[in-house]
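These notes open a run of structures that come right after.
Common to both upcoming complexes is chain A, partnered first by chain B, then by chain C.
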Partner chain A sequence: MRPSVATTLKPRSLQRRGRSQRRWYGLLFGGLLIWALLTAGIGVDDLINERGWPLTARFLRASLHPDLSAPFLLLALESTLTTLAYAVCGSVVSLGLGLVGGLLASEVWWQTWAGAAAPRWRIRGPLVAIRTLIAVPRAIHEIIWGLLLINIIGLDPLVAVLALGLPFGAVTAKVFADILDETPRDSLDALRNSGVPPLKALVYSLYPQALPDLISYTFYRFECAIRAVTVLGLIGAGGLGYQILLSLQSLRYEQMWTFLLALILLSGLIDVWGTFVRRQYDLANRIDLNTAQLSGCQPRRPRRPASSRLMRGSILGVAGLIPWAFWYIDADWSKLVSPRTWRLLSGVARDAWPPLIDAPFLGQLGRSMSQTLAMSILAMSFAGAVGLLLSFGAARNLVLPGGVLDSTVQRGRGWWRWLIYGSSRGVLLLCRAISEPIWALLVLFVVFPGILPGALGLGIYNLGIVGRLMAEVAENTDPRPLQALQAQGVARPQIFLYGVLPTTLPKSAAYVLYRWEVCIRATVVVGLVGAGGLGRLLTEQLSSLDYHRVTTTLLAFIALTLAVDAVSSAARRSLR
Partner chain B sequence: MRVYFRALSILIVLGSMLAACGAATPAAETKAATPLIISAIPDQDPEKLNRLYPQVAAYLSAELGIPVEYKPVTDYTAAVTAFKVGDLDLVWYGGLTGVQARLQVPGAQAIVQRDIDATFHSIFITNSASGIASIADLKGKTFTFGSETSTSGRLMPQYFLGQEGIQLSDFKGEAGFSGSHDKTIGLVESGTYDAGAVNEQVWKKTLADGKVDQSKVVAFYTTPAYYDYHWVLNPGAVDRYGADFTQKVQQAFFKLDPAKSADKEILDLFGATKFIATTNENYTQIETIGRAIGKITP
Partner chain C sequence: MSANGSVYELRNVTYRYAQQIAINDISLRISAGERVALIGPSGAGKSTLFKLLNGSVTPTAGTVTVFGADLAQTASRQRRRIQRQIGTIYQQLHLVGALQVIHNVNAGQLGDWSLAKAVLSLFWPLDSARVEAILADLGIADKLYLRTDQLSGGEQQRVALARVLLQNPAVILADEPIASIDPERSRSLMDILRRLSLSAQTTLITSLHTLEFAYSHFERTIGLRHGQIAFDCQTNAVTAPMIETLYAVDEADHE
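After this line comes the complex of A and B, so read on.
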């Protein structure tokens, strides 16, 4: 899967254009960062609240003696199972939606359907319509979906399953569509030419080829689902997120640590499992999936799984987990089609349409949008910078004994390298296991309320995600240039500066840019804890049952997300 | 390998179908019994709520002779929304959430409240290091409310602040929303916020339990009295259980007797000595203020 050196070289003119574009994006980023820092009041207001340190110390001390009494451990176990079950159900729903939506959102489907001779609009028309349609559920955060769905479904576990399944389904559909479009079409053409109907031809030609990438992506989604459920817990899905918030609200830190440890354990196990499955099948990694540089385009290295027993176990595990999760959640699926649901849905539509716009509200909306934007820029800059730093420690091919940055000559002296590796991985796992609003609430101990604690909350969480993916980037870099430098006796710092950094930086930056769009959506959840921006506005409106304004705010949110998406993908293109 | 993938996808589909069938049956059974569903806004320590409300449900079930079930709700807005869609029959609301819920459901009635709710107060507390001694001193300081739709932690404090000439823009930074009264006390004690507004009952209880360091947090202002918490009954329940159901529920609450130990436990958890009747009209002041502040929209 490593790109060969020859393929990464581009014609000189293209290189030059990319470089000048990159310079522009660099300047734009610098300007935006300064603006965001000023908006957050850095250098203007005092931001650190020294009186909060004792509370922080109490919180940290509590980590040394989490509540491990038997009844409490039982509660922690039950909450962990709830979180797991919701994540599984949500993932299954999103997978179903993604498989159908991905087909409908793919260019290849409409081309196959319309036939080769069809006019361009017959393909582009429905394609653009569906791509726009699936952009909407993506822009709205799970927690907002949850609060809206209660209006239609009432109090039922189904709310949380759908709140997770709908936006995740839309994301999955988009990625699946890209995967299908990137899959080689020779076999499809062959089937179509021999008269096989479009749907059948696609299912039998593209899906089998794309399946490994689809599975790889589904695993990533599942890992995200675990984290998303902990946020949904805040609005009543229960599980670990809910328990963590409760113990934080009632200032019982010893109990909170028990739940945090359970969450870190669950999250870590699933991460390890996912990585294992991907390694076994040599599946595409996340960044390649998102930037559509898929393994399907390159010949796959045939590789026999090293331990097929573990793989078989995995498959059986998944097959058992899914029915168990649906049984455990016990959602009332009949509510999907009950007349009451439809009556309530039309009621909500009446309440929410038309969106309300008046002059003072527009001013407020503008201010909130700029706060949200500033918050996301600060968060991602922080996540990118710290994540990059930690990612090198967490990459096994760099620091570990035998890695390119290993200078120890004697064997057996590299224990501290394992320490760096382990602690980097541990910090990254900790950062991403705890959800954004909880981080924001913790940061609020010592930072005065405003944009900054929100940005830090988002930043810490995202650094866990970005850092891990950056480590993956580092591990997947072409080792040959580095080995060449090493063989010529170049000093370690220079290998790092001239070998590791230039080869990993563009991809890492691309991933931060990709993540920026996700971060914009997530500003909603820190708005819930009072960090300002559109999220703050939205919760105020939701709690006032002011649905006309909620619609306006959501539209503003969708517009902002799409704009960020456009800027980020343009910037990413310049990085390729 | 491909065989495994195929087997896996078949199992996924079969499994989900089985699970869906399995899930549908028990839900249908509970509907036949139509229990009375009670709930409450999550205004304080949820552990306490989980101890209190199952007891209330058992008590009401014995008194009314019908099955009664407690459904916990973790979010103020969700408690109002679930009442609107008809999933909750009898809910313990705060002043503002009660009005919000009743406006969503024509025919809903405020029926019972505690003795203390007719003259309820909010307490303003401050960190002793902040140098705040009166409402006027709040200018330029940080301040936190409780939950956004809390009557005693947000609505009435914001109203009385306005009466005293303090606007939200006078605070340093944005006014916070801690989410609960306990959290407000904790954040003021730690100094994260200079001051905050809390429910009088929760404050007194925290003081009595010695759960707060009084050298760090002091109360400096008590608001005038207003109507707060009350039980709101959904007209759907009256349709199900008969026209005199409202009176029956009221009587059941009036009968709670501090002399009986089981009853006393419920009353203690509510922080009350007895329950009294209330009506929708008692909350016109709350509704007016709610509209002025924008928490109630047409």
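After this line comes the complex of A and C, so read on.
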């Protein structure tokens, strides 16, 4: 239960500052949105390709009769298994990196190691060094890792596993470190005071307490890994992403729909499994995981002890999946240590430094940066607006019979409410099951190449993610004020305005802002299919082995990402 | 209002949650302007009874008649019109923390506002003079434009009270309104409610933990135990043995 009484009192001056800050950010956003629309050429250029509509119609008609012949279904199954196997292997690598990196990047580890009396620099020094070190792989998108590793390792399943494992490992390490640092330390102190060595004390005190959050996050990462693998498929890693791209390019839409359905089924199943496990065991939900507001200090209780069958099944399933996945992808691990790999790697390192800086290139870089920024702003505005709309339909506590926005007392008259709920959930699932570049390619049917199709591709995909999270925000709203309004005879639209919207809007906006950081990294992906921006620049440079420019572009990209991070987190603070 | 002047009429009302019976075959009548204290141990069904009285839930069996109408049988528009005559003060306040105080108080008259007016007021708060006057009476006029979750517990309590005062209902239901505030504030809250009942003939039904205020502020007391009425009489007829039996811990509680 949430306490209804505020425990922290902000002085009024601070509050007023928060409000004027919010207004300022609102204006900033309005200005940026107009600029982004102009940059994308909306209202200036001819953007819609009229001749694309017949093709779209053919594509949509194909959805009614996907290719379900036996040999083809076998291929679809094989591709699905490939995608699953890559996701499992990548997740295992990232979990390993995350467990080690997370410990090393946590403040509590260095504190425990150095002891209470140690000077500050002995804790801050290594901490800052390691946190900076893991920030670099995180800022570089999986696909860039993929393109880079292909140049070094060659075409091998290993590329996909590492391209997934390295950046995911760095993210996991950071989140694990945060989880460990936020876990209460009394039991750790008790053990340390009785003379237990640091590592042992941590394993016996912090890890058991933090375990639910760690498991929950690992699960979430696995869900992300499935989507990431389909994107890596575009650069040849195989699996569903690759097959979807192939059938799209060869205009075999019936086959494409089969692969799409397989992908939706796979991610839907994993989604449901994850949600189920999380709910049964009262683990941190996706919103907390994503905004890193973890509740390490709250006592957890399994809601239904009878469901231990589910947990046993999950553990067995995972234990079986991992060896199978490594066997299935059959990567050549010896390439990791082969002399050729090391020779090429040192060659890349030699070429990459110093970064190339000359005036015409910098001009090009600047243009690409502004395109990338505009693309991300358009994408997130679209995702936020449409996602918010759909989220209310997808929230269990609002439209469904018995929900806040249902005023009928008699039961059983609300079939259309289930229809709204089901279709909202369905659309959101569809949006996030298909990755950004595929959406962008589909949008390219009717929109001329440029920033707009890229932004729409990113926007549609993110709308699926943001909308689902917003639905969770709505579901976690305190129901009591809404019931109070209802009991007092207030009509539904007014309940929505005065009860639902004010509570969910700030959190939803904060989530869109958070997602903006993720989105700007993902602009690389649509760059791959010709949407412009830094992504296309990077792809071109990587395929022509122009590492001087790659370094400069990557640095520019990281700088842009950091700037967006800073603006986004400042704006989010003003929403609190 | 029905001809015999009764606000509430409950006939053989039972309410059952999935596992247990919360209200078990209760019949009672409450007339306009009455001041009723509802007492009983935790789990006796007081909160459920309030939910039945304000129309949040409908009984599993039996009928609850409010102003002569059975809420379970009325269409939603008509039901909302009746519900506007019932103001509820909740123990946990049930305020929207993210809204400014003025909007939370204005929520009291939201049932009478059109949608357009409700939207407009979120951007340009309407009726601020009236809201401010009510808040001034309660001693928190300066909090008008603050965010509600930034107020202290006692101040939030008064915002919840202001919401009901603005609603100006014919019935006020107060579910343990003083369970979490200090004795001084408790007395002042009870005084306000009593004054309102005396001057505006507002029917007042309040659940209480202790008997202290029942004697001083309410003419009638209903004792509730295991979802049934243990006694229902003039407050000054309530005796110590009656209270003792009401709160006695029995075998069933130890299961």
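Here is the rule we go by: the second predicted complex is superposed on the first by the 553 of 576 C-alpha atoms of A that agree within 3 Å, B and C clash if a C-alpha of one lies under 4 Å from a C-alpha of the other, contacts with A are read in each partner's own complex, and residues count from 1 in each chain.
Quick note on the criterion: contacts are C-beta pairs under 8 Å (C-beta built on N, C-alpha and C of every residue); 3 or more make two chains touch, one makes a residue touch a chain.
This is a predicted model, so every value here is computed, not measured.
By the document's definition of touching, neither partner reaches A:F382: not chain B, not chain C.
In the superposed model, A:G489 lies in contact with chain C only, and not with chain B.
When the two complexes are overlaid, the chain among chain B and chain C that reaches more residues of chain A is B. In the superposition on chain A, A:F29 contacts neither chain B nor chain C. Applying the stated contact rule after C-alpha superposition, one finds that A:G532 touches chain B and leaves chain C untouched. Once the two complexes are laid over each other on the shared chain, residue contacts for A:M311 go to chain B alone; chain C is not touched. Contacts of A:F59 after superposition on the shared chain: neither chain B nor chain C is touched.
Judged by the touch definition given at the top, the superposed model places A:F361 against neither chain B nor chain C. When both complexes are aligned on chain A by C-alpha atoms, no chain A residue touches chain B in the first and chain C in the second. Residues 4-6, 9-10, 12, 15, 407-409, 478, 480-481, 483-491, 493-494, 497-499, 502-503, 505-506 of chain A are the ones that touch chain C when the two sit in their complex.
Residue ranges on chain A touching chain B, taken from their complex, read 45, 49, 51-52, 54-55, 92, 95, 147, 150-155, 208, 211, 215, 234-236, 242, 246, 249-251, 281, 305, 311-312, 315, 318-319, 322-323, 325-327, 329-334, 340, 344, 444-446, 448-450, 529-530, 532, 536, 539-540, 542-546, 548-549. Only residues 51, 54-56, 58, 71-72, 76, 79-88, 90, 92-99, 103, 107-108, 110-111, 113, 115, 118-119, 122, 146-147, 149-153, 156, 167, 169, 180 of chain C touch chain A when the two sit together in their complex. On the chain B side of its complex with chain A, the touching residues are 1-2, 4-5, 7-8, 11-12, 15-16, 18-20, 22-24, 26-28, 45-47, 71, 73-78, 80-82, 84-88, 100, 104, 127, 129, 142, 144, 148-149, 172-174, 176-180, 182-183, 186-187, 190-193, 294-297.
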